[in-house]
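Have a look at this one.
Here the chain labels run A, B, C and D in written order, and each chain numbers its own residues starting at 1.
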Amino acid sequence: MTSKLSNAQIAWRAAQDIEDGAYVNLGIGFPEMVAKFQPPGRQAIFHTENGVLNFGEAPPAGEEDWDLINAGKKAITLKPGAAFFHHADSFGMVRGGHLDVAILGTYEVAENGDLANWSTGPKGVPAVGGAMDLVHGAKRVAVITDHVTKDGKPKLVKRCSLPLTGVGCVTRIYSSLAVIDIEGGRFVLREKLPSMTVEELQAVTGAELVLPDVIGDLVAPEVS
Amino acid sequence: MDKTVPDLAAAVAGIEDGMVLMVGGFGGSGAPIELIHALIDRFKATGSPKNLTVVNNNAGNGRIGIAAMIDAGMVSKMVCSFPRSADPRAFTEKYLKGEIGLELVPQGTLAERIRAAGAGIPAFYTPASFGTDVAKGKPVAEFDGKSYVQERWLKADAALIKAELADTMGNLTYRKAARNFSPLMAAAAKLTIVQASKIVAPGEIDPEQVVTPGIFVNRVVEVADAKQEEALMREGVAYS
Amino acid sequence: MTSKLSNAQIAWRAAQDIEDGAYVNLGIGFPEMVAKFQPPGRQAIFHTENGVLNFGEAPPAGEEDWDLINAGKKAITLKPGAAFFHHADSFGMVRGGHLDVAILGTYEVAENGDLANWSTGPKGVPAVGGAMDLVHGAKRVAVITDHVTKDGKPKLVKRCSLPLTGVGCVTRIYSSLAVIDIEGGRFVLREKLPSMTVEELQAVTGAELVLPDVIGDLVAPEVS
Amino acid sequence: MDKTVPDLAAAVAGIEDGMVLMVGGFGGSGAPIELIHALIDRFKATGSPKNLTVVNNNAGNGRIGIAAMIDAGMVSKMVCSFPRSADPRAFTEKYLKGEIGLELVPQGTLAERIRAAGAGIPAFYTPASFGTDVAKGKPVAEFDGKSYVQERWLKADAALIKAELADTMGNLTYRKAARNFSPLMAAAAKLTIVQASKIVAPGEIDPEQVVTPGIFVNRVVEVADAKQEEALMREGVAYS
């Protein structure tokens, strides 16, 4: 395989599609990185499941207020125009389709839009958090992910083999190699690394890529 | 991210024929009179919007607000719990002549159906109306030995809301009991239009005190000298 | 028929059963009168459907704030410790069984606890308001009513003939002639006017009165 | 009408073996540490309450709060969305040995089930978990062409809640994101027990700013110097 985008670059690419004024939920962990890369002049409003809208970045170490945290239980700050609300109202925002974008991590994503990102199987302690709500919660549900597993196996698959988080919910994938839309139960290739051929990309993708007339170059600056 | 619009006409733009329109307020408390009258002005000038389905607890009072919309011929159906008032003639006359429809919904069910729409809950069960004429034709189910009626969410194309404070991002507070249905309707409508007594900068409303977060609001217009429907009634005002 | 209690006296009698600190909803109209007759030393917290807890009496004429009204759209005042909330939260209080007592007016009430208080038939404009929620909303659902209609017909009946508000929901009746509990689908006589015999009361009651060993005297002071 | 109680022991009286206990908070934010530790104290002194089913978003962290209840052997089952934390060993060890039960509920469904209990809604439909293992055995239904899972209300015998201000009638405010599940749990429990940083007289909380009205609250105890769970964790505190 040739080069691939770093996690920061994947997050950067996802951030380019978030419009000014969009209401956005970023999943715990890797997706949180997207907030760092908002294009100049745009300001998204970030939602966290535990009842805050319009929070900002982490406070300096030592200045944390542990009553002011995000769903990942990291300390946050508020921006002007923030609001607090309880958990049912918070998930009303999610489930009611009021978010413009939710960006989640994933173990597997299938060409039919199925997502598996909560359980790697029956071992250990299962924990689902808000993922099963978030996948039904936004006008656009996107995943950001390495294109393949650490063992080189496809994470973009025909059908998920791991326990599902949601059925037919994902609309766009930002991977380390490509940007792919899910339309009509198919992977539609929108952008790929210019250094890769379509055949190379298809070889590490677990379901057929639909190839539109125009396929853009996936290019991200050096970010971290 | 600035949701303010310059005037009432701009605020009510995009409300079109045949839409479902939620209107905040309980009686005169919370009634967005200026937004309603701006919509009537547009109808009088252009013939639109008409054939509206209007959702409100009541069906208008006197010759102002929702009653004036009904009088003007803009409303084809009301969804409400109590289509009576001190002066209900606008609705009553048309209803008895068969010129306007009515979906009668128990008040708590109306509130919960609107709340469900905003919260993405397509259906729920309530004890209210079980065994009554109002529940006819609705699915029923038993839980823990008691019978309940299944009710569906109630969504709207647009909502007209009266707030006390708004910031430019659409965060809202309400005044006293004028809160009533408004936070629910703001979340249940695709296009939520707010008249506020005062518009302030983001950060001027304490995040603890926001009642309707801006995520539910599309447009805000300042109406500093907003009229109270009940006060107008007592002055004998008619809008026509 | 002999003497009977006035509406004010019926309201007074109902008020005697409301405990200190009870959360109470009084239906529009006649039931609102109950608030006037709280016994000394007791303070109930009154709830109104349109989103207020702990409201007080009407303000003086000319001092009304029409944004501060009750479900009957009458101007009210607040007591210390009041709270505002939206309509779904308000009916959550009702439907969730958080009220201790709801007191309603009625057209008919049946020995099986069925209540008919919202419609006198298909004529005119139907209007139900919050009645269908309130009848399921309180630990005790009581009605206050004249014992008979203006034509002298029983309002306490075997089965309601008018459209129902709720099924099997009423637990106590305060009438102009008696206090009656509904238990096991029967009218159980608790108190009656001392000037009346049981037979006279039975004659104006549409279903059989169950007679316990102790039947109290229904006595109310002159109030208005 | 005064709902204040003199001390923590009086506050947690009446929580008995086998009860369903809701505990407010999300992680450390809003965790009523002092009420939980008072309950542990009673268990250590009397052997009760035990066999508790505890409802919380998480399943404890470190050796304090809910984790300390689990360590003490008071908890037979957790109902939560995310039984993991920085230091989840109290739950994890017992769970892997089969000594504690787990009902895993998606977070939004957990919030809505608790809200439904408080609001008298015995069941509702949600898209969350449809088609997943979590929905196995639950009724499903289609509305407007989309599939949903039926979920039931989740009630509790008692709830432990941390508030910021309380008045003596039980009206509450919360501090920042410490609000989370607490207003829902206060309404869903038969016996709602609140620790507040400050107790004030009725009227000292603006009626517009009350988040939990007193109707949902049974007891209030002042804990002026309440500890924050996350801060205790970082100090390495264990409660035993």
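Here are some notes:
Simple rule for what comes next: contacts are C-beta pairs under 8 Å (C-beta built on N, C-alpha and C of every residue); 3 or more make two chains touch, one makes a residue touch a chain.
All values reported here derive from a predicted model rather than from experimental measurement.
Steps from chain B to chain D, taking the shortest chain of touch contacts, total 1. Set against the C-alpha centre of chain A, every other chain centre is closer than that of C. Taking each chain's centre as the average of its CA atoms, chain A and chain D sit 30 Å apart.
Distance between chain centres (mean CA atoms), chain C to chain D: 36 Å. Residue positions of chain A touching 2 or more other chains: 52, 84-85, 88, 91, 94-95, 136-137.
In chain B, the residues that reach two or more other chains under the touch definition are 112, 115, 119-121, 126-127, 174, 176, 207-208.
Taken as a graph of touching chains, this assembly has some other topology, since it is neither a line, a ring, a star nor fully connected. Contacting chain pairs (ordered by label): A-B, A-D, B-C, B-D, C-D.
Residues 20-21, 23, 43, 45, 47, 52-54, 78-85, 88-89, 91-99, 136-137 of chain A are the ones touching chain B in the complex. Contact residues on chain D toward chain C in their complex (touch as defined above): 1, 115, 117-121, 167-169, 171, 187, 201-203, 207-208, 210, 213-216. Taken together, the chain B residues at the contact with chain D in this complex read 112, 116, 119-127, 141, 143-144, 146, 148, 152, 173-174, 176, 207-209.
Looking at the complex, you find that chain D touches chain A at residues 26-30, 57, 81-86, 88, 91-92, 95-96, 102, 104-112, 114-115, 126-134, 147, 174-184, 211, 228-231.
Residues 48-52, 65-69, 73, 84-88, 90-91, 94-95, 114, 119, 124-133, 136-137, 163-167 of chain C are the ones that touch chain B when the two sit in their complex.
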